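Same chain, two partners: chain A is paired with chain B first, then with chain C.
And now, the complex of A and B:
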């Protein structure tokens, strides 16, 4: 009995076709041939091929399709980045390469470690330290106080705190099933969320809060307590709406951005107009005017994708995120210990909530909060943390695969 | 620039085609892989181990062939058996291997040669991992899962 695992080479081939054709098109956009565009396309394809084949041969049981979905999303992002500004595209490409290192490190750590045991307490302190760091020392960019300048780089500590936060949450929710021992941890996450609200990083605050609640429910299965948590969260959201003026402006803009289309509502109005002018099939690469949207390369990249590639591809991007969630959930269900289940579940929940919050914000479904679209938006910290989250998911996938192979071998089968 | 616009306009369809193709590929393969895996893990859960051919005189079975062991198995040359060994000296229904509680039992059904580690098997005997079973002229090594049902 032989279990043949499906290869993802055909999908990778399609991705390479997409990248090469898009970059060849972009190389002629100014009327004369731009060699760097072609170089970037070829470079990206080389990195993809190396990444896929090396990871596949070193870690036999890696989930190839999760990796492929991440590569595809990054490719779409890279094409848009190059179209907006070639310099940020090159930077983004370098961040992706650093992200690969983060992925491999996270994968190896998760593959070796069992539950991190007492280290979790240090991780807990680390999370609080990183969040406090951004509250105390960060510069204010775009209304939120979450950027720290270190030499020539600006770092976003809340992105790295995510990783530690998920690991500790998975540890405490898998260790304790009763409510009372969990209260200190829940208070701690409440404090973390409060620090984020104080730093005006509302997107991250929502992300942390919803991830904690979903992981709490997945780990303990207490529906009533989860509902109570949602109640507290809604109460907190309402209180911050009443207390903070910047939250009020956000909600007012969301209700009717057209009143302030030249001032506060400018960004979301431009985003909506970009999506509308793209219509189903898009305007064609480099034929739209996405530079009119503020933050078009980070938070509003989804609007640019819809404008130039069309809403069909926009929906396809959402579908890829859904597939990512689905495969993440399957890996979580297949994991052998509850810690690993919760770990993968937390990473998947964090990434999917992040997509939901920003995509729904851009299409004016919920009030806009500035966070990045995983794997697509420009941003070093965000790229590295997303790749590390992916590494955690892959690490558990590798563990599952090894256990499965052992079982299949015990009945005389083989895994190819 | 007009040429660029025309090409970019036309390539919209190509991009949509490629992305949709990738999406369809990923969905189809994910579903197929999920089904395959469910099936094989079901077998891995129900089967108790396997027999590996360590010696054969070279009929239909080759050294290294593997036969999966279900909870109840019939060994013989008849195609009605679930472990079919078409070799000289193997009767139509030669022997049985079945799980009983935590033990796995080998039972000789016909008068052909059935040996366990070189000793003839008269009726029923329990087998362990690493044992060698001789059926006719074919030697099989027993591999059992660590925890049996």
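And now, the complex of A and C:
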């Protein structure tokens, strides 16, 4: 029996076609030839080719599809970033390259380590430390207190806390099946979520809470306790709606942003206008007016994609995230140990929830909470943590592949 | 591990549903609300598009040019008073109002042209041209109405109740589209505000049409006759008729003709708040009007908790609110055998290549009352003009029906004032016209609004509508 890993190079070819044509278009946009646009396009394609081919040959069992989808999403993001502001696009590109390093490190660590055992306790402390750091020292940007300044950089510690948080959750939920030993860990995650609420970082709080609940359910299968968790979460959400005026404003704006179209509702209204202007096929690259939307390069980038590429590409982006989730789920289902299974599942769940919360918020399906769109939004911390999450997923995929190969070899087969 | 696999599959299934819901919501929202979002005032995109495209011409139904492009400039009807009378319907070139200039931007700026036409335009190296549109309004009728209204603030809407076409919609004060940027502050936004579609006013006695419809639909709850002494007490609070006039022995018909508050207050309590609300919602209250051709704000009916609140809500006070356009639609429903038509504003759109992109078609919107009950209501409304509160709306040789309204409100200075209302129709197959007149703070509806209605009816019939 010979098992051949399918290559995804053909998809990569189309991505390169997209990137090159988009950047050639952008290079002529002001009537003058912009060499940097072409350089950026060529540079990005070179990095993609190197990344894909080197990873593929070093780690034979790497999951090509997850990697390709991530490259595709990043490419769409990069094009939009360049269109909005070439300088942020360059920074984003550098973050992506640093992200690749994070990816490889995460991959290697996961490949080598079995479980992290006692280290998990240190991870717990690390998570709490990072979150407290942002509560105590952070500057307020866009209503949420989640940025701290280190030299010339602003860093979002909650983005890095995510990684540790998922690892510890996977560890504790795979180790214990009964409720009582889990109580301390659940309390700990409650405290983490509470700290995020205090920092007014509601998006992250919701993300952590939902990820904990889904991982808890996946690991322990306790449906009633999970429902209870949802109950507590909804109760907490309702209480914060009653207690905090800024939460009330969010909900009011969601119900009818048009009554405050010049004030609190401005951002969401501008986003909706942008999506509506794009209609099915979009205004065309560089032909819309996305700069009118506040935070167009971070939280509201989905609206820009819809404006310039049309909702058809908007839907395609959602569909690609969906493919990413399904691929992640397959890797989780194929994992050999429960820890790895929950680890991959946790990373997938975190990314998909993040994607849901922000896109549904931008299109006014749910109240808006500002978080980044994975792989697309501008942001160094976000990019690095997303790439590290991808690295964890790939690490487990490689582990699975090696086990598969062993099994196939033992019955006389071969994996190419 | 097998159990965990099952759980993971389940959660992934939930995620797939969430993402699918997101896709469906996006498609739904864009197809239902997309155009409304796009034409919102202060959309910078419409302005930027104008740099590349020469906008088409806007005509009225008689072929008069209301707005057109001359080189880089946008021109509007030269006649100052006509210009003002159609200003809210035509809109402005800067996207500050929601008139045709913004709402029909997709035609005027040529998004609807086919690819071939766009391509020939590009190949000829010309600036692209947008399509021309014809509106259902008549500029002559609008101008006549504005002159009748004079300096009184308010709105008049004239519709064809069989087709739903808006023949005129005048909001006074109007504005000059060339100077639209100079209207600033509170008075400025009051001028730019289209009272006919977006002004929400207490309906006052107009609402008795809805209350009467509720009685006709629930005949067992009809208050037979009642001796009106000019006032009545409900829960130790007083409801009075206008000027505390004692109407004597009244039944539904006579109470309607004389606009007797005490009768309708008692009748509303007898019907109860829930039935009133059901009837009001059949007529389109509390309903998000998603009309194809215009943005109209929602009319409001709140079910009162106490009898006195219910009584006031049944005579169009309490928290009831209605737009002039919706009021005209209610009059039209009575005249049109109980069928409410969707108001229409766009008659046709023709591309620069002379192909027709759109022609008007009528749409039934709702059917709030049966034909039999609509005819009873129609006779009641004809009586109002013949011998009731609405005699001021009489036009010789025409069968005019209507209902007056005098809606109390408290202005910003805390002074008690009254809006004058009149809604009505001509009961004639050849002139299927209905209208609503609202004069802000003018006083009694019969005295002030009904004569304006008479002049509008006469002018409309003279023009052949």
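Simple rule for what comes next: the second predicted complex is superposed on the first by the 416 of 416 C-alpha atoms of A that agree within 3 Å, B and C clash if a C-alpha of one lies under 4 Å from a C-alpha of the other, contacts with A are read in each partner's own complex, and residues count from 1 in each chain.
Definition applied: a contact is a pair of C-beta atoms (placed from the backbone, for glycine too) under 8 Å apart; a residue touches a chain by one contact, two chains touch by 3 or more.
The shown structure was predicted, so the numbers you read here are calculated from the model rather than taken from an experiment.
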Partner chain(s) touched by A:18 [first = chain B, second = chain C, both, neither]: first
Which superposed partner A:180 touches (first chain B, second chain C, both, neither): neither
Touched partner set for A:35, first chain B, second chain C, both or neither: neither
Contacts of A:288 with chain B and chain C, given as first, second, both or neither: second
Which of chain B and chain C A:326 touches, first, second, both or neither: both
Partner chain(s) touched by A:224 [first = chain B, second = chain C, both, neither]: neither
Touched partner set for A:313, first chain B, second chain C, both or neither: first
Chain B and chain C footprints on chain A, overlapping residues: 283, 319, 326
Footprint of chain C on chain A - complex, ascending: 214, 217-219, 221, 258, 261-262, 269, 272-277, 279-280, 283, 288-289, 292, 311, 314-315, 318-319, 321-322, 325-326, 329, 332-333, 338, 341-342, 345, 349, 352, 356, 359-360, 363-365
Residues of chain A touching chain B in the complex: 1, 3-6, 8, 10-11, 14-15, 17-18, 21-22, 25, 28-29, 31, 65, 68-69, 72, 76, 281-287, 309-310, 312-313, 316, 319-320, 323, 326-327, 330, 404, 407-408, 410-413
Residues on chain C engaged by chain A in the complex (per definition of touch): 1, 3-9, 11-12, 15-16, 18-19, 21-23, 25-27, 29-30, 33-38, 40, 42-45, 48
Interfacial residue positions of chain B with respect to chain A in the complex: 1, 4-5, 7-9, 11-16, 18-23, 25-27, 29-30, 32-34, 36-37, 40-41, 43-45, 47-52, 66-69, 143, 145-146
